[in-house]
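To start, the structure itself, in structure tokens.
We call the chains A, B, C and D, going by the order they appear; numbering starts again at 1 in every chain.
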């Protein structure tokens, strides 16, 4: 705030493309908090996660709706022992055996957050909201220890924002300014997560020319995006789970 | 909550079209709180407002970013003496003489809300948030009497949602389910206001067939919309102000 | 007919109470099949909390797209007039009271409408809640669809839930294989009952006091595959 | 050259400090003309709080569209790569710290970076704040552009603002017709000064203590129409 030296501005030139997933995940340090988009098998940035496994960062805190499927993507990151804590709403999916094993062995910490509260806490982190009151969890074990306030006769629980050092997100198209569109239900946590990280890294099926995405159709404007990388044919986790494709 | 009588469900058939602006504003009662979209001259539902003037409701509370321009739309509603209170961020526009006259004469109440807090309070009203903490207004006269809380070393002011009985909104296209797209900067307060009213009434330039709006491009889904009316050639307030068109 | 309803018949019965024009969220499991029994003249919009508004039927075999899935993570389709939104907006719909009806399964429902459906509280269970708590507090009406008793014969409708709560005082109506019961300020009101039981029979299978609605009817459902 | 800067020159000076790639919001009035003086090799994205990201230059005469306006309600254009968002999302950008630089006018700036720019507090004034308070607290850096003194010659840079505050401790740098001054934890630091004044001259026109940066430079600007 109190410095006019402008050389270290976050964005030097507005070309957010990087050449490959290795460059995309550069700089993620041990102990980082990372948003990972996706719901079930839709919207998971699997190639970015595998690049992160190769990159080697440890002691991560991962914020994601689920806790991985099979042995790919987030499940593989967990299996590699890189994650200290998971903040999620539903870690007990049908193919969540990696997380479940680690959890039962006491090798991973879990913060369970209702899905809507998770989405809103992430949005709050991106929107500069200091905290908010939600009716969700009132009277349940998940409100234990939290401030409850009665507003207009209804009880609400106080919840705080969740920001991350990095967001790993999958989208459909991007231009070099980082404008994004998503595809169907793969949109899910991508847009709020893009808003709520110091560095937002997005893999997209295709990078298009600036101006090709209609300004009325942009879902996540480039202001929320730092790095984009093209992964033309991302792996389908479900195809691997169903035995229709093999893991990378 | 405790009744299985289903006859009085809010939406009986999903055809939200009404024939004209008179039907669109039916049922707005004295004392109602009304969201009115628009910023400057972009996005004002001028034809709906004039129908409301003809309809006759009084003692209204109006929530809108500005407080009317010239003698049209919201300014005309104010001039007709129908509005008890305005909740807005910038009532002192270059053509706001009607509001300014009423305010100086002590004939209208003003709640001044910073524009971002106004948008967020409306969104909170639509999203079921009980209250939220914002850094805006800390240390200023607009925080007077409000709760301040320090969160992670930063001060925030507690703000409450703003819901309305009715929202009057202008959009570009709608289908019969009420899905909306907007046009350029006329989008502004429309989407959050659609979410935050018991009855949301939208005028659009054109009603299209269901399915014509790409599901990826819908800005406000029909779930937030109750009535739509086609106004093919809405008046341009600025054209009237500039003397290029005449008032209705 | 007098036997307890099958799961398909329970889903059918719930479907009859979904009015034209409703925005409806169907929970994972038995609630999902409610969509199959919607009367064909009804226009209802199904919401999935992962951001699908206007969920349509399952795709034809071979046409599955795993980027178009339900909250239960099954491939679905989108109807004309549907829309995709992100998770924060999807839960704004839920928490903001825009979903008219949510149909949820239950481990227990209390006489006050408390719902327990996310955890049996076993110490070694991996906790998982998903969107259940948001749906339970946010939907205008919460319909519970559930067998009347557990497999062991214990009542699921109880004076006070022993399992961890999902939400407090939210359930509107309980649809079981034996009865349709409204949760009212005056207690549990039986609106429909299968013909082979009387109220005393139902009361013996229920952990909280029941009363019979003055206009109660027989709970009947068509034969369904 | 040694005269005080013209308004165009002040805007030019601010423009030089906007780095490539910045997301920038220009307040209403003098800040708006900063865009005219951006070096042509810079790619900067201008944000308007009414939901325009990627504001371009004014349209050609006759091409105005009053649904594409700036926060100052003037017709503008959109550059390739721009986007439209609604007001809640637009202020999420602002409040969430996504705007790198906001340029605002000022009635007063205090030695601690407090800003007063929305109200003179006169009893009969119609209060209006718009987006100023959100921008002042939300932007990563707040640049103030303002004449050094009022028309009556009173200092606008003061020990403590007497006008109602817009925000507390937010101003990074003050660009006046006489100097460029950083607001630092150690006080007001003069980084540039027009050649016809020395620090003592500037101090006489300023209501709070100034110190001169070790690497201070002459404030010079090209002749501009």
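As a working rule, contacts are C-beta pairs under 8 Å (C-beta built on N, C-alpha and C of every residue); 3 or more make two chains touch, one makes a residue touch a chain.
Nothing here was measured: the structure is a model prediction, and the numbers come from that model.
Asker: Hey, what chains does subunit A share as contacts with subunit C?
Answerer: Expected: B.
Asker: Of the chain pairs A-D and B-D, which one is connected by the greater count of C-beta contacts?
Answerer: Answer by contact count: B-D.
Asker: Using mean CA coordinates as chain centres, what's the subunit A-subunit D distance in Å?
Answerer: 35
Asker: How many angstrom lie between the CA centroids of subunit C and subunit D, rounded to a whole number?
Answerer: 56
Asker: For subunit A and subunit B, what's the span in angstrom between their mean Cα positions?
Answerer: 33
Asker: Where does subunit C touch two or more other chains at once, residue-wise?
Answerer: As it turns out, subunit C has residues touching two or more other chains at 78, 84-85, 91, 94-95, 138.
Asker: By residue number and range, which residues of subunit A touch two or more other chains?
Answerer: Residues 120, 123, 127-129, 134-135, 182-184, 215-216, 219 of subunit A each touch two or more of the other chains.
Asker: Pull out all the chain pairs that touch, please.
Answerer: Result of the pairwise touch check is A-B, A-C, A-D, B-C, B-D.
Asker: Help me check something: in the complex, which residues belonging to subunit A touch subunit C?
Answerer: Residues 39-43, 65, 89-94, 96, 99-100, 103-104, 110, 112-120, 122-123, 134-142, 182-192, 219, 236-239 of subunit A touch subunit C in their complex.
Asker: Show me the residue ranges of subunit A that touch subunit B in the complex, using the header's touch definition.
Answerer: Residues 120, 124, 127-135, 149, 151-152, 154, 156, 160, 181-184, 214-217, 219 of subunit A touch subunit B in their complex.
Asker: For subunit D, which residues are in contact with subunit B within the complex?
Answerer: Against subunit B, subunit D makes touches at 48-52, 65-69, 73, 78, 84-88, 90-91, 94-95, 114, 119, 124, 126-134, 137-138, 164-168.
Asker: Mind pulling up the subunit A residues that touch subunit D in the complex?
Answerer: 1-4, 6-7, 9-14, 123, 125-129, 175-177, 179, 195-196, 210-211, 215-216, 218, 221-224
Asker: List the residues on subunit D that touch subunit A in their complex, please.
Answerer: 17-23, 43, 45, 47, 53-54, 78, 80-85, 91-100, 113, 138, 140-142, 169-170, 172-173, 180, 182-185, 191
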